[in-house]
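Before anything else, here is the set of structures, which you'll find just below.
Next, two complexes with chain A in common: one pairs it with chain B, the other with chain C.
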Partner chain A sequence: MLDRIRRHWMLYLLIAPILAYFCAFLFYPMAQGIFLSTQKAGLLGPVGFIGWDNYAKVFSTPAVWQAIWNTLIIAAGITIVGTLLPILPAIALLQITPDWLKRGFQTAIYTPYLLSWVIIVGIWLNTLSPVGLVNSVLEGVGLIDAPINFFADPFWARPMVIGLTVWKDVGFHALIYLAALLSLSPDILEAADIDGANDYKKIRDILLPHLMPMIKVVFLITLLGSLRTFDSAFLMLNGRTADQIRTLAIFTYERGILNFDLGLASAAGVVLLVVSLLISGVAQVVTRTEREN
Partner chain B sequence: MLRSPSIRILSYVILLFLAGTMIIPLWTVVATAFSTKFGSLQAGINLWPNPISFEGFDTLFRRLNFVLPFANTLYVTVVGTVAHVLLSALGGYVLIQEDLPGRKIIAGVILLTLTIPTQVILVPLFVVFKQFMLLNTLLSLIVSELVSAFSILLMKTYFEQVPKSMVESARIDGAGHVKLLKDFYLPLALPGVVTVAAFQIVHKYNLFIEPLLFINDPQKITLQIALQSVIQGESSTSTNDFIAPNVTMAAIVVALVPLLIFYPFMQKYLIRGLTVGGVKE
Partner chain C sequence: MKKTLLTANLTVLAAALMASSALAADLRILTAVTGGKDAAEHEQFVAELEEHLGLDIEMVKPASDYNNVLFTSLASGERYDLIYGDSSMLPGLIDQGAITDMTDMVAASAVLSDETAIPAGEWALFDIDGRKWAVPNKFEGGTLPTIRQDWLEESGMETPVTLDDWTAFFKWARDNKDGAYGLSTSKLYDIQGFMSAAGIKAGYVMEDGKRTIPYATDGAAEVYDWFAMLSEEGLLDPNFVTNGSGEFRNLFMTDRVAAVTYWDAWVGLFNNIMATDHPDSSFEAKGVAGVPGPDGDIILRRGNASLWMMPANAENPENAIKFLEFWHSEPGYVLGTLGVEGVDYTVAADGSYELTEQGQAHGMDHGAPRVTSTTWEHPFPALPGVEEAQEIIMEHASTEYLPAEWSEAQPIVEKHAFQAMLGEVTGAEAVSAMHAELLAAGLIDE
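Moving on to the complex of A and B:
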């Protein structure tokens, strides 16, 4: 054993910078966060141990509960719609026959995934502005009397964050589903044809069950990602929508960096980590046991 | 696949609708960008600028500082991607060494990093970057996500597909690890290398949280932050002037150009990468 370790010294040397990096810039900050959450914050940094006081303050601050609630609603919306909706374009892409057209559709629906949130919010600020395309069309056909101010209306705030996130990821998820569908042997669908199954039955009894493992994977990725929503909501945040879409991640940023309340913000960060680990842990156990049955 | 005409029609409707939600807003962005200031303020459905004007671009480049952020982002993207790819390749290479004692522990530590997302540790990250004296440096943006578990695992997946027999003879001839990696694994797993690089280029180009957190020196500002301040109209060009939509949309068009140039070459890898990552699970 010792001999094998000695023989491989070069490999340990190669991996050392990576492990050092993770320690210095991920595990150490995480530990710092837990440390800071037990400290009383002074102007120039932590000034002393105060135990659970920051956590008590976190849970007695109404803004934190509001932020947790916002995070959960937004995450639920993104996860449910973002997991299920892309099944439609994935199955639809299977039907498109000229290859160039199929590739064109793929490119068009995948592109938003590569765009930054700044660009996405910028694009839709233009299209959804009170004098923009969507309002003009809706007014033109008489669906609404006055333009809807999508980005400054508390009612639309959460649907906008959820909708734009789903829109950004729909092509990405659809292509994951499409790859899974393409691994299905055509023989099975042919056999179903011979047995006289109609399209509805083929989708329900063959395509969807075949897709199920991948749906669970996408569900978990989306759930984890949506619980830490920051950029999207941050860029859509303004005086009128703040109470609807200030997520827990945004709360820690505002309190910790802008107001310099390191203790409270770190405690809120730890709460966010624990909540997301718990939820994803439960989700993982649930999807795994289902898979085994 | 499916036979009924109604399903085929429905498929086209779904895809045309989704593609439309991409193409039409993008088209109106371009149309607005090439409008005059007055034209861009008109209500209604403006799908073609009338008259066509470069006023927006002119304001953007002559009166707002948009070149420096571009240069900063280019620097971070190039240096950051090269460093990220090299380190990820090292990680992937070490993880495929089956007889390495402690390989499982190393893999475990790398996987553990996936449970700590940036957004959860924003505040301590700020404190730690301050301790390392990285605040207000472009280096901070290269250091954040210098290497990631996702890229290491992707490299590992591609390296595993390199036939052992090809490497074995070189190993017997006495080739060291660095030589094996440089002359065999990297060239033979080139699609994997390009995939990691492509995702990283997009990621670095789009960085937003990190510059927001680490940088407030106007000389070190990056593209997305500059773009955000144009969109939010914070950096007004002069006291009695305001930023009209044509300038905002011109800024978006300018920020889109590098992606649109890069996209056709990389699309294959970006799509393949996500299916490799997805199918592996």
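Moving on to the complex of A and C:
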């Protein structure tokens, strides 16, 4: 080991700042969180060791189970729709000509990714308000009798969080897929044309298999991100929708910051970490097994 | 040579560190609303404070997310001598041992214990077992229904008293003002003026030592049903569940709603903004007392008292008291209202005050637009409608009791109340479900 370090000391030196960064801003805070979750936390510092009491308190709080369930449902929705839907614009982008139209479409679907959640929720609050554009159109064409209060209806709460997250990310994910598709040799598609394959067959038998490794990557990225859903759900949270979209991350924030209960919040944070690690571990094992098969 | 350079650098670094610790401020304050309106003015504000107090002061005013900053600062071991907060934070902070009991310090201060500077009623707003855990920052008003007085006069109706009166006025507005809503608000903030019709109070109420939430009792059902009727008739802004205060303020000032429920001080601000920006408008806002209950009493709510608290790890408590005594004296009142001399206002040779352009834009609010003193006379008259609204608040309003568990109870109350107010369930069904859920969660005792 020492010999290896001596031989590659320059490489180790170059990687040292990155390691230091992760130690200072990821591993140390994480360790502190785990430590705090076993303490009776005072605002001015831990008061004393209380073992598993914070965890017992977390799991005896009905809202936590609801928050875990909400997190899983929302994460599943975002991951499935957010992984599969961008394939369509990616394939469309591959086909669209002329170039200016392709660039325009690319910009249009990518723009939401650049917006902050406050702006996105603000835009859709107006558009989907009971007196907003969407309700006016739906009422105008006779599809509904009374306006739908999208942001204050428990039925719509999770679809709204899932839908807006997917809408925000679809352009980014589509670009990832597009990059993968561009690496496909045009000769293969030309050969398929000569063999008489129609568009559907080309997509099913050539494009999708070619995209599969990238789909797995996007799946994992989206899954890990969606388990930490906070901003979007927090901004859409209100008395009518809280039971449907209060995620574990929001619960942690509410207990830690709003109620000043850092011990309980840390325990909830550790639970979120464990749930995320378990799910991502299972997902990785499944995708790896599929690859090996 | 290299060694010499390294030694020199380390020496300079050590000297700089020692100098910075020697230059630590005499008073460190974490503030939310008190101070300059922007970074530049805040520096001038602190400079004026330093001049008055003869101290080196560091006054941190985060641009946003104050609670996050407060919490993370304290939890990370930062030491402040004073922190700004409101009375809803007190139970949690006391429970955590994070703030100092200031009862004895207040008693020892001639200024702070002077009842003309801080009346007993102001202390009572955040009294906990007879102890003073903070010192008021300003006079805290309350919330009440605020109506378009010019529309009311146009309608020929009297000021609404009963729920039926309000309904009639709302209907007139809908029918005569291009479909304007009758009422807009933000969530349950604040329906107390109408809940008063059932003689019930917001938040928790202790009855025989047991915790109750009146909004979850049978008495509230009829008022929820009244709101449901408003929803059905198109008289209640359907966005009230998602509104922030900005939304209903805009509706009110653009002729799209006849009444809102908001702070008494905003009666004057509404009138001032409209008179300044739209001088030709007939707009007139007026604060109205809530609906009398079965016993004839009106119940309104006073806001959470805005406070200065002393963290348990404060390093300079004596300087903190010095600041508080200044804040509750004439130069402090002028700084908290008008702002910085030469920046927000000037003083003429005859001693009269004149606001600069910046001072006018800042609306005479630099953290304490209204002070607790009963003897100090503000150099400028109150904005139109404020004094009448304040009288209503002082006569009918009281603070809510909001213990730490309110943060858990509130979403449950809102969830069922919104359903009833939108007409999805009856008021009786809503309070029954609300009560059962609160009881099951151990958030009420009966």
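Here, the second predicted complex is superposed on the first by the 266 of 293 C-alpha atoms of A that agree within 3 Å, B and C clash if a C-alpha of one lies under 4 Å from a C-alpha of the other, contacts with A are read in each partner's own complex, and residues count from 1 in each chain.
Just so it is clear, contacts are C-beta pairs under 8 Å (C-beta built on N, C-alpha and C of every residue); 3 or more make two chains touch, one makes a residue touch a chain.
Here the structure is a predicted model, which is why all the values come from computation and not from measurement.
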Superposed on chain A, are chain B and chain C clashing or fitting side by side?
clash
Under the stated touch criterion, which partner chain does A:F49 make contact with: chain B (first), chain C (second), both, or neither?
neither
Who does A:P62 touch here: chain B (first), chain C (second), both, or neither?
second
Looking at A:V131, would you say it contacts chain B, chain C, both, or neither? Reply first, second, both or neither.
both
Would you sort A:I257 into first (chain B), second (chain C), both or neither based on which partner it touches?
both
Who does A:I123 touch here: chain B (first), chain C (second), both, or neither?
first
First, second, both or neither for A:I203, with chain B first and chain C second:
first
Between chain B (first) and chain C (second), which does A:M1 come into contact with in this model arrangement: first, second, both, or neither?
first
Chosen between chain B and chain C, the partner touching more chain A residues is B
From the options 59-67, 167-175 or 293-301, pick the one stretch of chain C whose C-alpha atoms clash with chain B.
59-67
Overlap of the chain B and chain C footprints on chain A, listed as residue numbers:
45, 125, 129, 131, 256-257, 262
Okay, in this complex, where on chain C does chain A touch?
67-68, 71, 74-75, 77, 89, 92-93, 96-98, 187-188, 238-239, 241-242, 311-313, 404, 407-408, 410-411, 413-415, 417-419, 422, 441
Applying the document's contact rule, which stretches of chain B touch chain A when the two form their complex?
1-4, 7-8, 10-12, 14-15, 18-19, 21-26, 28-29, 32, 41-46, 87, 90-91, 93-94, 97, 99-102, 106, 109-110, 113, 115-117, 119-128, 132, 143-144, 146-147, 152, 176-177, 202, 205-206, 208-209, 213, 224, 227-228, 231, 245, 248-249, 251-252, 255-256, 259, 263, 267, 270-271, 274-275, 278-279, 281
Can you tell me which positions in chain A touch chain B when the two form their complex?
1, 4-5, 8, 10-11, 14-15, 17-19, 21-22, 24-30, 32-33, 36, 45, 88-89, 91-96, 104-112, 114-119, 121-127, 129, 131-133, 136-137, 140, 167, 170-172, 175-176, 179-180, 183, 186, 189, 193, 198-199, 202-203, 213-214, 217, 224, 228-231, 235, 249, 252-253, 256-257, 262, 265-266, 269, 272-273, 276-277
Touching chain C in the complex: which residues of chain A?
42-45, 47, 62-63, 125, 129-131, 147, 149, 151-152, 238-240, 242-243, 254, 256-262
